[in-house]
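Structure record follows, encoded as structure tokens.
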Amino acid sequence: MTKQAKIDLLETYLSLYIDHTTVLDSLDDPNSKYVVLDVRNAPAFVKKDQIKGAIAMPAKDLAGHLPELDHDKIYVVYDWTAGTTLGKAALLTLLSADFEAYELASALEGWKGMNLPTETIG
Amino acid sequence: MTKQAKIDLLETYLSLYIDHTTVLDSLDDPNSKYVVLDVRNAPAFVKKDQIKGAIAMPAKDLAGHLPELDHDKIYVVYDWTAGTTLGKAALLTLLSADFEAYELASALEGWKGMNLPTETIG
Amino acid sequence: MTKQAKIDLLETYLSLYIDHTTVLDSLDDPNSKYVVLDVRNAPAFVKKDQIKGAIAMPAKDLAGHLPELDHDKIYVVYDWTAGTTLGKAALLTLLSADFEAYELASALEGWKGMNLPTETIG
């Protein structure tokens, strides 16, 4: 495998992600251009809590909700843990519909591991 | 990074995976075309349990067992958690030998998190 | 998606990783060409322990420490769990600066799950 092929893959892969610090800075800003979407498909009683201010938008329902989204916002999706496919599937739906969107690096697990703000669901 | 490069990577990446619902529907069907392979390399006492009906096929032994596999089946491999490389290594071996194969999205961790059927090993 | 596109992605992706066995064999060899870098960004009291013999080199500081690294060594980076982006970001920095480098497959979580040697930080 050539070094350039590795670098190309890493650059493209990493361009799909956004760091928690960017999201965190916008949590308390009512005019923030970032909107966090919780794309987990599990029912609310399984999810229990979510990133503070996130909007529940299960990946399985996302395509039907695209007309409600705002092309002037930047969407940040997250799943339970890093490395799963649900965030990537949601990201593909959003990018294909011409939204600016990223997956949250480290996902909910990393967010909670860093003791960042969450809120109870329900 | 262009949007198209991101979409191309996401589409190829996601095409490697199969959802748990597809696998679940076939668990109780004796004529199912899906065969689930547990490719974890750990010894049985560490693994303790597995997806119901899975066949233990450690990734390190897979190449030697290819002649026993059936080209009319669809193989679904899984490792402990999503994002590891063992499932991808097994998938590469299977695809390179012309089998139809996918990695199970969310892996064993996700399967158990959704309380889907497992069985004790041993 | 063509089978060849899947195989190409898997081959490139897997070429970024190195197996724990390679690292393990070199842990007690003072002349080993492998150097393990712990690229977690969390403070030491959160990290608590690390892979035995690893050097703490937070991903956020890595670019500034490149002049201290040795082009005759092979660097192995790891984050908390597999599938996160920190190891890939560190890898991109190292490869772009012409170092030979890999991410540790299964990350710290997998290393500890296999009961491989760690050491307390601090």
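What to note about this one:
Order of writing sets the chain letters: A, B and C. Residues in each chain are counted from 1.
One rule holds for everything that comes next: contacts are C-beta pairs under 8 Å (C-beta built on N, C-alpha and C of every residue); 3 or more make two chains touch, one makes a residue touch a chain.
Worth saying up front: this structure is predicted, and the values here are computed from it rather than measured.
Under half of the residue numbers at the interface between copies chain A and chain B are found on both sides, making the touching surfaces mostly different.
Matching CA atoms, the turn from chain B to chain C amounts to 120°, rounded to the nearest 5. Centroid to centroid, with C-alpha atoms defining each point, chain A and chain B lie 25 Å apart. Residue positions 9, 11, 13, 81-84 of chain B are each in touch with at least two other chains.
For chain C in complex with chain B, the touching residues are 1, 3, 5-7, 9-11, 13-14, 17, 81-84, 105-106, 109-110, 113-114.
Chain contact summary for the complex, chain B toward chain C: residues 9, 11-13, 15-16, 42, 80-86, 88-89, 91-92, 95-96.
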